[in-house]
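Have a look at these structures, which come just after this line.
Note that subunit A is present in both complexes that follow, paired respectively with subunit B and with subunit C.
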Partner chain A sequence: MIPNGNGKKTIVIPCSGIGKVQGLIAREAAYAAAAAGGGELLCLALLVSGDEEAVSRIRDAECITIDGCPKLCAVKNVEATGGTVAKSIQVIDVLKNHRGAELGTATKLADAGWAVAHEIAQDINHCESEVK
Partner chain B sequence: MSSTTKVGIISCSGEELPEGTISRLATRRVLELMRPGNTVTICLPLFLAGNEAEREFARKHPTITVDGCNKLCAKKGTEKYSGPVSAALVVSEILNGKCSCCAVSAKDRSEDDKEAVWLVSEQIAKAVDEIVAGEGETCCSDEEADTVACGCSTPVPGMQIQVAGKSVTIPGLGLIFDHLAETGLAADDSSGEKLLETVRIYHPIEPEQEDDYRTALTSAYKAYRRQT
Partner chain C sequence: MKRAVMPCNGLDKAYGVLARELALRLMETEGMHLICPVLLNNSPVRYDKDLADASLLVVDGCPTRCASKLAQKLGIAVAGKMLVSEQAKTAGVDVGESLRPGPVGMQLVDAMQAELAAQAQAGVDGQPAVDFDPPTRFLTVTYDKFVFKIPAEGYLFNENDCWVRVVGNRARVGVSDFAQQSMTDITYFEPTRIGAVVEQFDEVGSLESGKSMMDVLSPVSGRVTAVNTELVDSPELINEDPYGRGWIAEMELRDFESDKALLLDAASYSRTIEGKAAQAQH
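Then we have the complex of A and B:
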């Protein structure tokens, strides 16, 4: 993983909500961003459970959070554990440009769901390249 | 199995490991296909960081945790906030090293991933059955469950087919058809036995109903494949 413009590493943290397609979109967007060099991944549940190593990792990094629903589990938990949220993405906001699209389910994305995930990943990687 | 019993399943869904993806998919499979009437779920981060309403979830439901690795985030978090869990499954232990080729992203899924998900989901369903058999009618009712259940755990809609002139709804039949189509099952009369064998995992079929179901499922599968 490449450090960002501040010399800090970037960690991408999706909510991975298990009940809605937006959670899966967040998860796949994080994988796509990480695969393209947009940052490291970190298990959100590990962070929320207070794992010392996970907490230490986010305190030494800048975090990009991706939330599927308005509960905002990812951004709230990163902030609550002392992390810096450099960018907070809400899938719901991105979907405003995809009204009526068949996104798939919480288990399997349809083509439109994958397109939204890749759009978010490109946004993350664009943001990354700007600060380098 | 009591139709009113609701077992909560909390998956770690860990993003860093394939086992986290498998825990998530296996949990979804049980919720949607295998035990849709008896299971509910909640997002683990929401549960861990949530308020009392969210934590009521595991106090009211007998709960199974599904962790990807031995850090046991789901089990430890659930026990910390809501008390002992009824069963704690660990994907890495269930698969015992068979996960080395598995992927984190759905776009890279292979037959190894699918088999891993099937294996883990079978274990979750078995744990659900054991809890339901033990708890019986003492478990919370559907009405109680609705007050604490995450709305997103609603089972997938069923598909109706005509069996011997009667309309029968089979939960997740579309997903079963999709899965069998992916495995290459032909949409012709030779598919009857495989369809029957797969559907009866999720839907009770008495021996004397087999012929009618075989015919109905074959017909429905052919029609489904023509539309998709």
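Then we have the complex of A and C:
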């Protein structure tokens, strides 16, 4: 896990991301960000189900949440569990700059969907390097 | 009946990713309603329509069983469960650690989907099929400070401390009061696979406590039609009510008349316990 400028570690937590293309984008953005060193992944359901180790991990870290839809499951649950959300990303906000793009489906991203996922990942990694 | 599937989040472990793959496959090819476990937790009303009168399958990736825990927490009835790590173990395959499913992982998804289809075709829905009244009269064996209870009628036992209760061509199996007291607090229950065809004395689940482990050896042969999924999250029910809520599996009998020859009635099992208790003391 990567310590940031505060000496804390960064954890990237996407929403569960199942059933909607925006959720899949959130998930893929998290994978891409983590692969590029933007933080470590944490499974949101693990947190929601009350796993003590997961809860402890976010309390000692700064979290970057990525939500696909306006339900905001990731940011709400991280905050409800006592985590600090250093950055909250909403895919639907990012998509305002990609109106009309063919994103793909809930099971498979099209090229434009991948592009949005990578854009979000870059944003996360930029944020992460600024904090360091 | 409508069918719905809820996988675990499946983000950062290969087994979880396969749980998600299976759920998506079932949605796309079989029209099952897809339930997001986190959204369900945040906003249960969102899935009222999908879950009303639906048969819910829960697919967990790893033994942490997040999806099962959330279903239990919300009091949602679960018709069937599948645990990918257990399926991989049974199939003898190593899916690796990649979060992008490879050919081995996708073959496992194929196999799990085929198994679910076979269960559906065989009419095995994983639901208990028979009402079993709890026993009302017991024989007791007292040894030192311990008192072991044995239902006086309606139950048969094998020498491995497992019981069977038969109604028609169905049977329910579990472990005896002697077994649960010998193990002390049971902390882990691993169910067998629904649809499994077992011989008499084959394993139909396993238990662990801080003190010991126990394979639950079936007193009868047949096909497993249901398992007590409540025990996965509450294995202590076996300690609290071994002949009732702590039941292990339900089975469709194959050859009960032959199986009976190797089983003990309450009086014979009482004598067996007396012998075991005395042996344990020395």
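Simple rule for what comes next: the second predicted complex is superposed on the first by the 132 of 132 C-alpha atoms of A that agree within 3 Å, B and C clash if a C-alpha of one lies under 4 Å from a C-alpha of the other, contacts with A are read in each partner's own complex, and residues count from 1 in each chain.
What we mean here is this: contacts are C-beta pairs under 8 Å (C-beta built on N, C-alpha and C of every residue); 3 or more make two chains touch, one makes a residue touch a chain.
Remember, predicted model here, so these are calculated numbers, not experimental data.
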item: Superposed partners subunit B and subunit C on subunit A - clash or fit; value: clash
item: Of subunit B and subunit C, the chain that contacts the larger number of subunit A residues; value: B
item: Which superposed partner A:L109 touches (first subunit B, second subunit C, both, neither); value: first
item: First (subunit B), second (subunit C), both or neither touched by A:G82; value: neither
item: First, second, both or neither for A:D51, with subunit B first and subunit C second; value: both
item: Touching partner for A:E28 - first (subunit B), second (subunit C), both, neither; value: first
item: First, second, both or neither for A:G37, with subunit B first and subunit C second; value: neither
item: Set intersection of subunit A contacts, subunit C complex versus subunit B complex; value: 14-16, 18-19, 23, 27, 30-31, 41-46, 48-49, 51, 71, 73, 76-77, 106-107
item: Subunit B contact footprint on subunit A (complex, rising order); value: 13-20, 23-24, 27-28, 30-32, 35, 41-46, 48-49, 51, 71, 73-74, 76-77, 80, 105-109, 114
item: Residues of subunit A that touch subunit C when the two form their complex; value: 14-16, 18-19, 23, 27, 30-31, 41-46, 48-51, 71, 73, 76-77, 106-107
item: Residue ranges of subunit C in contact with subunit A within the complex; value: 7-13, 16, 20, 23-24, 27-28, 34, 36-39, 41-43, 46, 64, 66-67, 69-70, 73, 99
item: Contact footprint of subunit A on subunit B as seen in their complex; value: 11-17, 20, 24-25, 27-29, 32, 41-46, 48-49, 71, 73-74, 76-77, 104-107, 150-153, 156, 175
